[in-house]
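Down below is the structure, laid out as structure tokens.
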Amino acid sequence: MIIENGKAKEVKIAYVGGGSRGWAWMLMSDLVSCEDMSGTVRLYDIDKKAAEHNKIVGEKFNGAEGAVSKWSYEVFDTLSDALKGADFVVISIMPGTFDEMQSDVHEPEKYGIYQSVGDTVGAGGIVRALRTAPMMEEIAFAVRDNCPNAWVINYTNPMTMCVKTLYRAFPQIKAFGCCHEVFATQRLLATALEDILGIKGVTREEIKVNPIGINHFTWLTEAKYHDIDLFEVYAKFVNKYYESGYNEELQDNWANKFWKRAERVKMDLFKRYGVIAAAGDRHLAEFCPGNWYLKDRETVDDWMFAITDVLWRREDLKTRLQKSEDLRTGKKNAVLEPSGEDGVNQMRALLGLHEMITNVNIPNVGQIPNLPLGAVVETNAIFRTDEVKPVFAGPIPKQLYAMIAHIVGEQEALDEAIAERSLEKAFNVFAGSPQVRCSLSDARMLFDTMIENTKEYLPDYK
Amino acid sequence: MIIENGKAKEVKIAYVGGGSRGWAWMLMSDLVSCEDMSGTVRLYDIDKKAAEHNKIVGEKFNGAEGAVSKWSYEVFDTLSDALKGADFVVISIMPGTFDEMQSDVHEPEKYGIYQSVGDTVGAGGIVRALRTAPMMEEIAFAVRDNCPNAWVINYTNPMTMCVKTLYRAFPQIKAFGCCHEVFATQRLLATALEDILGIKGVTREEIKVNPIGINHFTWLTEAKYHDIDLFEVYAKFVNKYYESGYNEELQDNWANKFWKRAERVKMDLFKRYGVIAAAGDRHLAEFCPGNWYLKDRETVDDWMFAITDVLWRREDLKTRLQKSEDLRTGKKNAVLEPSGEDGVNQMRALLGLHEMITNVNIPNVGQIPNLPLGAVVETNAIFRTDEVKPVFAGPIPKQLYAMIAHIVGEQEALDEAIAERSLEKAFNVFAGSPQVRCSLSDARMLFDTMIENTKEYLPDYK
Amino acid sequence: MIIENGKAKEVKIAYVGGGSRGWAWMLMSDLVSCEDMSGTVRLYDIDKKAAEHNKIVGEKFNGAEGAVSKWSYEVFDTLSDALKGADFVVISIMPGTFDEMQSDVHEPEKYGIYQSVGDTVGAGGIVRALRTAPMMEEIAFAVRDNCPNAWVINYTNPMTMCVKTLYRAFPQIKAFGCCHEVFATQRLLATALEDILGIKGVTREEIKVNPIGINHFTWLTEAKYHDIDLFEVYAKFVNKYYESGYNEELQDNWANKFWKRAERVKMDLFKRYGVIAAAGDRHLAEFCPGNWYLKDRETVDDWMFAITDVLWRREDLKTRLQKSEDLRTGKKNAVLEPSGEDGVNQMRALLGLHEMITNVNIPNVGQIPNLPLGAVVETNAIFRTDEVKPVFAGPIPKQLYAMIAHIVGEQEALDEAIAERSLEKAFNVFAGSPQVRCSLSDARMLFDTMIENTKEYLPDYK
Amino acid sequence: MIIENGKAKEVKIAYVGGGSRGWAWMLMSDLVSCEDMSGTVRLYDIDKKAAEHNKIVGEKFNGAEGAVSKWSYEVFDTLSDALKGADFVVISIMPGTFDEMQSDVHEPEKYGIYQSVGDTVGAGGIVRALRTAPMMEEIAFAVRDNCPNAWVINYTNPMTMCVKTLYRAFPQIKAFGCCHEVFATQRLLATALEDILGIKGVTREEIKVNPIGINHFTWLTEAKYHDIDLFEVYAKFVNKYYESGYNEELQDNWANKFWKRAERVKMDLFKRYGVIAAAGDRHLAEFCPGNWYLKDRETVDDWMFAITDVLWRREDLKTRLQKSEDLRTGKKNAVLEPSGEDGVNQMRALLGLHEMITNVNIPNVGQIPNLPLGAVVETNAIFRTDEVKPVFAGPIPKQLYAMIAHIVGEQEALDEAIAERSLEKAFNVFAGSPQVRCSLSDARMLFDTMIENTKEYLPDYK
């Protein structure tokens, strides 16, 4: 990589999971929209064909209307080769197939356990972590051996467990995890600003927040738009929409059946705790005691959010495969659309092209003083040349501490279970999840079944 | 108080709840059995008549066979008068009546929530804390004003919340909480020593342990008898008795219906976590996820422990009232029986008569480095002249951290709710308890009913 | 204060020490140069006449060439009146007169103790702190009573002790201390960029640094200009100028005799510790063991920095008094010159007009994890609407820890001595200073004399 | 090792430095005086002949009057062989010869730096640490490879650096450092009890203290004899003897010229800080600013303590060599004398034969919350079966923090310098020592000379 005249050239981005039909295209779009950075994207995917297709798609983005920089694309046979000499490593993988995800999300339903996403915590999230962590270890070792100074950006879920594993496997890794849930909350606050005060056109970057917590269960203890304290604005917004929910218009769409959310969980948590929950309702619900929002399908309906069926994901993939084909063959044009993600801007900051403050998932060094050091937490950080420095976020508010510390404790214990490849220890975490509300013997049966369903990805566990 | 020739004279012990029919007599027995200490017990009780009866009973203990010291007894009209100039303050009160306790323990059963004790955590423990804390505040203020240098020994439940409240109300207080649950576990280990290795006659003091956790959910990370590591011994014992349970002989006794325990919960936790749970099964079950051991009455039966019905407590009180009458009138003789408690020995240590190490509930100053500072925790401490110094217990093992940190978080939040007299904040704690497994709306109804049932004791809450 | 159309109006800035001939004018200049803020400066000074003159001077700044906003000025008789309703409080006072400063700086010379500034640490700094802290307490109490939500910006030395005292007196105060020493180091790095790499025109704001330490003994563990690591650049610069010193051109000027510095101390510390010392040599020397750079006048000359004689300060004051007179009478015009300070920009950030990262002195909440919590430290912080959030700076490097922890320990002990108004405890700090290198009996004599010389300002000490 | 009937048999103690003429005999005497322990002492010394002589001497102790147990002695050629299967490892070595010690202690005198002991901190202690640490690394590695579960007891100075190095080299080591300086202070307090209150016959074990600090600069924040607070007693004692000194009777003895102490330093520190310094004056003086007690020989005389000339040590060795010869040949009988050390009792506790509380040097896990974790500190600990658990000692008092944190910082930095074998980093520590009061250039010359004088032992440094 070279910096000349304020522009970064020959930047090498290794993309693990580079056959992705979705994230990859967003990255491509953001990259060619950025005029002070150019270079090569090094694609690696266990589905090499998919990576090769994306190479073609990527090259088409160079010619898209509005593209202001050029990127070349290369496909590699091995992870090591893809990583060699990389400046950045982007990890966005699907751990396993939809079959394993089917089991993660829906097997627990047989025991009355409903999961709106099933990829972060609870029965599904825990089993997914068992499967994903060995992949993260492999990546971390490859980073250590091929590009130890590269910055590693993870988008894979379960986010916290992935970042935790990267650091356990290679403690000197320069890794962080990115998630857009806080951004959506900033946008909701901008919406409230318009709805309550009539202030229009505010961007999410203008909403200054203090995020604190863990991924998908992040909270805002402060939120301001210039001199306006958004807590008062949001309180009015919540009062207005608590009963009806917000965002009803989506309801008739078929997909919406699986993505619906009306912010009612978020508003309920605000009403009760006085702090702004900063993730989608489908995620938030999974961190709370199981009977609050996910007791049964009726409860979920009452709270107006959706359980995202893996069936929908399978259908959606078909759509995306078709889009991939269309892009590759030129039937569809590559069109630049801002992804709304911070990834490319973060890279620019790490290259020294600008300075930015945004939220990020990294190990706790004291940014949240009442959570254990080393636990992966989500707070603001400053991004500058070759550094990500957490901003002091303050302690978790007392009223939220039990819920958050419980999950942090689970994650620390699960990390130990993974490090030791111990299914017994993993079961203890599983059985203690606030979402796993069945008897011990049922928990055992469910766990055994779910492990069986994903055993192909758990060769070393015992 | 005066120390002469290695004996403490004119020791003044204020007893808050001095009308007690039970603890008070044990203390009287222990006091007259102790030859290097004598003085006055200053009885205070809102039931003054009960205190006056205990004065008579106490004086009879001076003449009991084996008594080696003399104690005088005085009854006071006000808390302030009782505390004036005290060297020690013993707190052993019943917060409210059995009517309130009836509600604490059994009201939740209407929602499928079973509680084996109901005085520590969960629905019953939380509501009991709301009622008890203002009494503790009153006592702490009285200590501050009348005997700021006295050592305050609390026996009242919920232990953690009581000690927490004493320190919040008067931060300079020299208070600690005593509980015999760890002692019972030491005795169980002595039993295992005999059962497995044939070593007889080992006393509980000879079993050296490292307790760690919070009251009624304390764990032993180490246990030794001289050079013998008791973890291996206990593992064999658990294997032998896990299915059948231990302590079956009690089963035919009527009272046993309400006190039964066969150590099966304790053994199950050991099998799964590899750490020795050091409280009775009835307590342990209440800290675990609700569906593990307290899902319903059948589950409780399977695990062979009892739900202690308040009905039994009412019956038991009648027996104790009769015993009080018999002792007072001389129909029964005062008989010295070692209580098995450490209270008198702790007083002796604080007076400088000896040095001892025992477990105690005090605010965390780092003895458990991964729990918040200021949270009331249970570990070993050294007792010496005018000091209680915690011993470093080490971090909570990762596998247990989620469960323990969850409850610590609840207690810190409940303390905040109490300090602010906020029922809303208290409800958040209540609804988040691992024991309160109903829907949010049911939780609200249950909470409201329970608060209504104890409202007489909650004048300042809103 | 009102925010309208992105501009802050009716901002109220109380200026304690508002008769200042220097800092006040810089503030006035910065204020009228700032187009999105206007309001009133409320001047208070024990020398009311001086404040009244500054009111006239301030009004002249409104008409200066280039002024883009208007500020009105008011003079108050009492501190309370000046603070009533203030949005900001600026503290820039002279604690005592040049007579006391004469004693602080020069009395120790009789014992072979030379001080280049004498207002921060060492004999002079300690005695100055004893005198200044009661004034800071008075201000903190006045803030508490008149404008508890105001942001308080301190410029007075000894900075650390002043900020420490403000927080001790009113723990809820929103105060921070500002110092430009780090800025000067950023400028030196920009100079090195030009000198070594030929890159011209870099502003100090473009030099991104990680400051860590305590005021006047701050260090940079990172320094970058875009993608350029300035440590390598600075190493070359130091090799080039270590022997000769840098900045020689000042040498013939009379004033320079008292302000000379050639960065040789700074360069020596870099050569030995590998970390960039980020304060002027005159300050740095006072934090190191006394015999390193301040052993005697010859040593000071060798290191090419100056001992700033109070004589010079007296002379300089005359010049400034004349300038005041000239400005007031119109003999001289008010001329806008950027002060190079961050104060006005910090106010703008706190009002929500923009966001900035800069270094600041505030109590440690973990931004430097290996210094005691509560000690006042200097690191970066984010300034945003109504908040100053420290950025995690990392631990003090091991090689520097002894020197820095020693001074932090002194400051914590001195704060205790001040809180108790104990001259005995203050003497212990004094005698233990690395700068006070005489025998215990000499230290006692010196301390007694210095206290005698400033006793008018120490009425409560004993 | 076997425990039978409450006695430990076949205990294996490896003695590194087993040719010692002094410590070894004390250990032999203590061992045969202890009736519940027997086994083998495995002697290793680079001077094998000396070890062989000690084998003969040790065997004679078995027949000494009063001996109640038997120990066999073996001599080994290699450290590994000596350690194989050991239960305990005792380290008591002389790092280098008296020639190197001559340089450590007396070379600095040429620069006006006087050292009373010169083996702990300051110029001599730092250079001695550079020489000793590689030996400790070698021992730690041998423990790791030959007896990883053995308890390692270090008596070698510089104590803190030795223990620090053992843990750095083998983090799982079970090591602690023992020093009798606190014991001597307990004895002084017993003396004060008799002198002031007329209470006779109190043993040092009955004086209950709370030691806090670092080896040879330990302080007592509490001291009690039963209910008597010894601070008041000691204050009277200090007032009585401050001017004259205590312990004058030694003055005419020749050796005393090199060992004199009159507790005047200790009393001065108590008068000024109100805390009881708990090491000998010769040690304490070396931790304070150089000009307090060690400014020059006159100052040392005034404070009535001695500079222990290495000349004396050379003479003393001759005496001990003669004694060795006499013991070996039977010219003198082995006579049992209690050593006053806790070593054998600590071993008994670690074997589970009893429980004890005593002071010890181990890494900080929070027993002193305001010192860095991992720094080796001295506080009380509980010794029980296979464990040493620190007791919470509380924070270093604010008035002492600067002095103690300074030295802790030095030791942490020196450990880093040793780990990196960096003489440059070692020089920074050296030049920053409160004892090294010369100019930077003189410090450099002195350091270079001292390093040259011990270079034989520093092969890896650069």
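As written, the chain order gives the labels A, B, C and D, with residue 1 at the start of each chain.
We take it that a contact is a pair of C-beta atoms (placed from the backbone, for glycine too) under 8 Å apart; a residue touches a chain by one contact, two chains touch by 3 or more.
What you see is a predicted model; the values in this text were computed from it and never measured.
The set of chains touching chain C and also touching chain D is empty.
Touch-path distance (fewest steps) from chain B to chain D is 1. Residues touching across the chain A and chain B pair largely coincide in numbering: over half of the numbers involved belong to both copies. Chain A and chain B have CA centres that are 45 Å apart. Averaged C-alpha coordinates give centres for chain B and chain C that are 55 Å from one another.
The multi-chain contact residues of chain A, meaning those touching 2 or more other chains, do not exist; every residue touches at most one other chain. Pairwise chain contacts present here: A-B, A-C, B-D, C-D [touch as defined]. Of all residues in chain D, only 3, 6, 8, 208, 210, 222, 224-229, 351-353, 355, 357, 365-367, 369, 380, 382, 384-387, 389-394 touch chain B in the complex they form. Within the complex, the chain C residues that touch chain D are 268, 272-273, 288-293, 295, 299, 370, 372, 398-399, 401-410, 412-413, 416, 424-425, 427-429, 431-432, 434, 436-440.
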